[in-house]
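Shared between the two complexes below is chain A, which pairs with chain B and chain C, respectively.
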Partner chain A sequence: MTAHQTGSGGIDRRRLLARAALGGATIVGATALGGIDADAAFAAQQPSLDPAISKSEFVEGRITAISGSVLEVAGSYGDRSRVQMTNATSVWKVRPTTAKVIEVGDGLYARGVKMPDGTVAADAVWVNIVNIHTTIRGIEKQRLHLAHGSHEITGNVIGDTSAAYAGRAPTSDLSRLRIGQSAQVLGAWRPSDNSVDVVRISVGH
Partner chain B sequence: MACGSTSLWAGETSWFCCGNAWGPCTGAGGGACGNCQSSANHGAWPNASQACWDITRPDLCGENIPRRGCGSVMNVKHQCSGATVCITITDCGPRTKEWCGEASCCNGQCRTNRVLDLTPAAYSALGDLSSGMLPVYIYE
Partner chain C sequence: MLSTTSSLAPVALAVLLGWTGALKLFGSGAARQAPKTALARMLSSSERAVLVLRATGLAELLLAAGLLAAPRSPLPGAATALLGACFLGYLARARVIAPESSCGCTANDSAPVTWRAFARAGLVLAGGAAAATASAAWWTTVGERPAASAAVLAAGGVLLTALSADLERWWLLPLRRTRMRLFGHPLAGGTAGGKQVPVAATVQLLENSLAWQAASPVVRSGLLDHWDEAGWRFLLYSGLYVEEDGEARPVSVVFALDATASRDTAGAPAARVSVVDADTGEPVGVDLAAVRPRDALPVAG
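Entry: the complex of A and B
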């Protein structure tokens, strides 16, 4: 875990984010705060009493422009958002990385704190991440052919690809995948060709 | 409707996309209840209806999960961090029967079997989307 602690003497990460954004933080990418763990970031939230009220802000959509450290995002329902990257923002794109790899056209999920001007100071940004239920239709050395609903998806086998069999720990051994198996695929969508880089493929019994 | 604090279930949660979306999620649709959105705090429950139950069959993993239909509200709490999110059930899932015995652990304690799917908005309120799976307690 990381820099996030709440309570006496701890670092309140949400306040830190707000300060970073309001202070005009423009540093994008590597953090000056040490390791950033998205798990830890909002760990001490209290339950909201109404399902319509969310404590943190969430942004979903496609990136339409990158202006310095601000991502312009077009939501899937026609809404528009501005996401401020700060020193404390964690970035995932295939793997934990820096904001330098974010491109216009990427899909995005972001979590953060809303600033007075409406901009969301991001605590965590996940770029092109997908987690889809599929059926394995074909297996090649460098790619998997997957069915997701009525869609066919090409799954690219990359250096980071791992497989989890029947709940066991992930392994780099993909040899036990079988055509016809149901599989959960966590990966990163490639906007350029609509394929998915497979990070982890999980199959059950 | 407000979220409650009465214990309902415990297990693993995964995440999924629904509604208007980008990438492979395009055309995911509004789920079994018709109004599921990735950007809202929504969830999928394996016993949202009899038809849903027939698909998910959590009983095959020993999970006799009670019926909670569209619009039901649940409070979901990360087993270890204590982070919580209040969700509304808008879809059917996950297919529990395909993952019998699968466990998610933290601090040496594990929760077994997939009993809940959350939208990215809801899941990210609890943890890291790249984890794919989290151990949770569910209240209503």
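Entry: the complex of A and C
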């Protein structure tokens, strides 16, 4: 799931952990700065759990260039920032993944710590993440037609799209979606065709 | 056929202009939508934009009346073509200076300027030109060729409806609903991931389990990793275990739950938990049974 869990070493470790588990809520932050799941991108800034870090920094914008492990980011308000990726940076792009999938042109939210040179060392980066209120206007096998205000949005149904119906556990059963319903969509924007990969669609809440 | 179309163009145009003109002139939407239109941006004033919208609406209504009442005079047709050309110019300008703004075409929709607005303005221009050159009055054509006239008018109606974004809710959504009723729900088979329980559902189940209550004092992270094996779903967290002598050890907390269970499935699925040393992988002797289940919070009333 995370960058440091992949590879054959990760699989061996998984076996070991699986054996251990079979032999045998409030979630606090995964890092000193907060959670790393998709919802954490929209959470209110929380105080740092690490006494050495006084304040977490938040960066948003479009990636204009990638040089090595540094992302050049142009903010929506004309500001520019540099985001330093580290081995410990968790990356979300549709799902938890690695920094390799980040491309120039992607949008991002990054949370980290400001270094003396102004660069933000990121502990979590959410790429192209969107969380929008929509109305379902059409349902097809591969996509949903969504309206966000006056904007038409195509929502791509992907392998791990899940639905959350009011009062029920999240499910991969999307057959209870109806045209005309209001839906909150958590997903990843695709810059190439301006559509959104739907990760979670919540209705009836 | 061409002469039928050109002599019936005034009718189709009159319906379109009558509808959009009435909305602009009498509709309450004009005042409400005006600030969002590209027109307001061009005139730098919402009040002026409302005035221009109302004036355009009046002109459209006059043209609609002229097209219906005097189809043999080229004047209403030519004026309509001029209006269509003005619309095209306005849309092109709006697209450049305020692409996200509404076009204000019907004073009722807030949709941004799209190709449909251009196509509709183009039709007004072409229809106006056709009406100006019509050889016969529309009532003569309807009287002589009623079937062909009905077909042309119906086709014109379908075309103009398809080009009007704010009419979609009247035909497109019911059409899609009917299709779903006839052919079934397109997503009834589940997503490509099949009938699998999403990880979020397993995490939710875990957080409601006794295993979580017992181990949560040790857990110090969000979900770090998850995988399925032999019907189990494993969820990995990191944690910190403080031993009796006060020494803290970084540990991995791994839970195993039924991969097919969620909060909605019947029964109380088993949840297993183990705490292992983060570096050596040695099991850590955490006495989870000693952890007292959390008391339920008192509920008012």
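Assorted remarks:
The criterion applied here is as follows: the second predicted complex is superposed on the first by the 149 of 205 C-alpha atoms of A that agree within 3 Å, B and C clash if a C-alpha of one lies under 4 Å from a C-alpha of the other, contacts with A are read in each partner's own complex, and residues count from 1 in each chain.
One rule holds for everything that comes next: contacts are C-beta pairs under 8 Å (C-beta built on N, C-alpha and C of every residue); 3 or more make two chains touch, one makes a residue touch a chain.
The shown structure was predicted, so the numbers you read here are calculated from the model rather than taken from an experiment.
In the superposition on chain A, A:129 makes contact with chain B only, while chain C stays out of contact range. Of the two partner chains, chain B and chain C are each touched by A:149.
In the superposition on chain A, A:200 makes contact with both chain B and chain C.
In the overlay built on the shared chain, the residue A:60 is in contact with chain B alone; chain C does not reach it. Chain A uses residues 37, 40, 149-151, 200 to touch chain B in one structure and chain C in the other.
Listing the residues of chain A that touch chain C in their complex gives 1-2, 5, 10, 13-14, 16-18, 20-30, 35-37, 40, 137-141, 149-151, 157-162, 164, 168-175, 177, 179-180, 200. Those residues of chain B whose C-beta lies close enough to touch chain A in the complex are 1-3, 14-17, 19-25, 27-28, 37-39, 41, 73, 75, 77-78, 81-88, 94-95, 98-103, 120-121, 124-125, 127-132. Per the touch definition, chain A reaches chain B in the complex via residues 37-40, 42-51, 53-56, 58-62, 75-77, 92, 96, 107, 109, 111, 124, 126, 128-133, 148-151, 153, 166-167, 182, 184, 186, 189, 191, 194, 196, 199-200, 202, 204-205.
Of all residues in chain C, those touching chain A in their complex are 102, 109-112, 172-173, 176-177, 180, 185-188, 190-198, 200-201, 204-205, 207-208, 212, 216, 219-227, 229, 232, 234, 236, 252, 254-256, 262-264, 272-274, 276, 281, 283.
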